[in-house]
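Report on the structure given below.
Chains here go by letter, A, B and C, matching the order in which they are written, and residues are numbered from 1 within each.
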Amino acid sequence: MLAQAQEVSVRFGSFTAVRAVNMTVGPGEVVGLLGANGAGKTTLIRVLLGLLRPSAGRARLFGARPSLETRRSVGYVPQTLGLYSDLTVRENWSFAASAFGRAGTRVPADLRPWEDDLVGGLSLGVARRVAFAVALSHEPKLFVLDEPTSGVGPLGAARLWQEIRQAAEQGAGVLVTTHNMEEAEQCDRLYVMVAGRVEAEGAVAEVIGDRTVLEVRCADWMRAYQALDDHGFAVQAHGSVLRVPVPPGERDTVTGLLEHAGMDVTVRVRPAGLEEAFMAILGDGRAAHDPHGAQAGGSAHA
Amino acid sequence: MWAMVTKEFRQLRRDRRTLAMMIVLPVLLLVVFGYAASFNVHEIPTVVVGPGASRAAASLRPPFDVTRVDAGADESAARSDIAHGRAVVALVTRPGTGMSVLLDGTQLFSAQAAQSALARTGALGASAHVTILYNPRLKTSWIMVPGLAGLILAFVGTVITSLGVVRERQAGTLEQLAVMPLRPWDVIIGKIIPYFLVAAADLTAIVVIGRLLFGVPFAGNVGVFALGAMLFLLVTLGMGVLISTVSQNQGQAIQLALMTLLPQILLSGLIFPLSSMAAGVRWISYVLPLTYFVRLSRAVMLKGTSITGLWQPLVLLALLGVAVLGLAVLRFRRDLAPGGGDGDEEPAVRESVTA
Amino acid sequence: MRWGLDGVTVRFGSRVALADVTVPAEPSAVTVVVGGDGAGKSTCLRSLVGLVRPDEGRVSRPPKTRIGYVPATGGLYPDLTVAENLAFAVSSYGVRGADVGAMLDRIGLAGARDRLGGRLSGGMQRKLSVGLALIHGPDLLVLDEPTTGVDPVSRMELWRLVSGAAAGGTAVVVATTYVNEAERGTRAVLLDDGRVLADGSAADIAAGVPGAVGRRRARDGVSPGGEWWRRGAGWRVWSPSGDLPEGTEAVRPDLHDAAIVAALAAERGTGGRSAGAKEE
């Protein structure tokens, strides 16, 4: 295992940010850590990187305790990119290269058109590529990324994923923290964190499992939306198609309610998407550990 | 329009820092200018030596404050008292009626006050010969340049350094540094050295320009001056780093840095003589590093005082430096320090703190 | 078209920020403007609400008092409480009989009414901003990246605010960087570098992909022909002619594929400076 958390808990005073989390990142895999803000993702990463000591449990990097030595094999791209915006691409590159004891290497060919540009003046897409290149320059065994493609257009994001996949195919383990479903869907394996706990793990399909939603089609979607909303359903509109996150058993209730109001509707049971599954996991997790604070139907509040 | 006015007042009420500045600053300035900002000297430390010491001393009236009367001592002893800052005025009586007066030209306002008091009272008769030491023409630039050198060091050390560190924190690059294979000391020292060198260059420039433009002398030992400047710079760099560890953004850092600079400008003796400050305010001066550097740099540059005469400011600066820089490094290290990987080593007490 | 941009071009100096962009805003409809950082989304929205004057084309919008607009950052006073923010919006719009309590319930901040705007989580701040823009019941609601950086729970709630407004008859235009949010709208406009790459409903955009899209497993690597990109562990390839390389399996492109193909097609058209998604 490249990175491993064993029963890691982190407490800040009376607040528990991470509760008995187990997770691993192996060579060649892209692992996603999916969770809402405050779910404990960043805290867990800080423990794995050795920036924070856990209150209980163990963190291991390459089989050892995180130390100055293990850092030589870690590449990290925080959400803020970790680049100096008032230095050029080349200057950023050579600073990182020297810090990792690789002074004298050249900026990769695909970034040379921007070599003398200040990082602060680059488009976000290019700046992210620079951050990736800098973090990968010392051929890390573990590559840690915080929302690696946020703010970048679809093609730019695809190119960043190419970099990530290439690193994984060369044997690195990749750990991506995100709350963006598009990024989560690109990962081989996910850990879904809710309130400091890992509530689900596995490939995207495993995380979704056999969860379903009701899909409502109606000529007057606006009226249907308002009717369902009035009845307390956490209905979501996708264009003029409505999706209601309730079990299949509620199909007759939903149909009846709308038909009773004089609407002509088609209601079908559909497999849930990752976002809907995530909301359900969130609702379940909160219901299991904090029965008073949870709401039905996955419409839990932040 | 009323919507705007209400909103503005509500916002003002919440901004404690600005509110504090609006209320505290006028009060502070009032106190400082009332009690400290005075060019009028009420007490001038005076020594009287030579055979006629007792009689001469008896004829002196305030503002002269006779601290020592020594009939056995001669002019060299009097000069030594002035060189070491123990007196601003020295009366040297000679056998017969001869008498000479020595004034410390580095104590601009006291020397001026002594001059006018002597002329006004005519106490010593026309025979007295007055010599102004170190700054014979009592030029303001001569005493301002050594002081300004200290102010520049304080500015670079505190303002520029705190901004440099806060910028890294705000940009998130500090976190990146924390995961690179750099030891916390590499980061701290690496961060401080450039500012140290910039400040040293600034200092050299001021001394050289002071000489060329204003003819300010450099009577003492460059090494002693450099030692004092280095110690003082360590204090100000430490304050800069310390401010950066308690500031979330550059605005806060500047605000805090200015709050440390303002009292130093006003109370260090740079502008207003310490001797004319009220005792309560003067007490504040004694914890400000610039007070000691101003004393030291004037002594070295103008009086040529040797290291043995300056042990007090040097030791105090060193102590302040160790305390401030040490605290700063401890706090800064916490941002960078690796946490190890095991929770097991934590004291068991932590386990039971769960809510 | 009731409101919106019609063939709008905006230049900042010599730079073309928008080139012939059309974005419709119809009552009871949600138009989603999708694009990455620098694609021109903000300029688009700012033109729509009248903060940017277009050099060419036509902009139609309701009177200023009937518009609700939330910029990409800010949109609320961090040093006022939630209730005070809403009260300020009410008095500055001169709304009579506005129900601040009902709006607090609607944006899910009833329990946070006395908290300072700046002390709210990112998601709560965005919900408050949207609440401020909705307080006067606008005919046109314009939201610039309301969901960027917002966590999934708040994102769902924000979209419920959007859908609720549209269901109540408001015309809504939302900008986002997340392609999958294009499915939330009745209509999507994909922007890149100030140009429209594709528009229509999400289904129309996916169905309108020219040529063919195929997939291949990771270990088989890429082969010549077509434009390649990563999708999960595997590969996707687009062939403009419709002839897929050997050893690839044809797939029905989804919105995500369609967005990438549209960007690749535009890049080919303009001879973009990068070597494309394919990597040797």
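Convention: contacts are C-beta pairs under 8 Å (C-beta built on N, C-alpha and C of every residue); 3 or more make two chains touch, one makes a residue touch a chain.
Everything quoted here is computed from the prediction, not taken from an experiment.
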Next item on the list: Farthest from subunit C by Cα centre, which chain is it? Let me know.
Entry: B
Checklist line | Most central chain, judged by mean C-alpha position against the global CA mean | finding: A
Check: Using the average of all C-alpha atoms in each chain as its centre, how far is it in Å between subunit B and subunit C?
Finding: 58
Item checked: CA centroid of subunit A to CA centroid of subunit B, Å -> 53
Check: Using CA atom averages as chain centres, what separation in Å is found between subunit A and subunit C?
Finding: 20
Next item on the list: Flag every residue of subunit B that touches subunit C in the complex, lowest number first.
Entry: 2-4, 6-7, 10-11, 14-15
Next item on the list: Quick one: which bits of subunit C touch subunit A in the complex? Just the residue numbers, please.
Entry: 28, 30, 35-39, 108, 121-124, 148-149, 151-154, 156-157, 159-160, 163-164, 166-169, 177-180, 183-187, 192, 201-203, 218, 229-233, 256, 259-260, 263-264, 267, 273-275, 277, 279
Check: Which positions of subunit B touch subunit A when the two form their complex?
Finding: 171-173, 175-176, 178-183, 338-344, 346, 350-351, 353-355
Note to self: Under the definition above, what is the set of subunit C residues touching subunit B in their complex?
What the structure shows: 77, 79-80, 84, 88, 91-92, 116
Checklist line | Residue ranges of subunit A in contact with subunit C within the complex | finding: 30, 36-38, 110, 113, 123-125, 150-159, 161-162, 165-166, 169, 179-182, 185-188, 221-223, 225-226, 229, 234-240, 275, 278-279, 282, 299-302
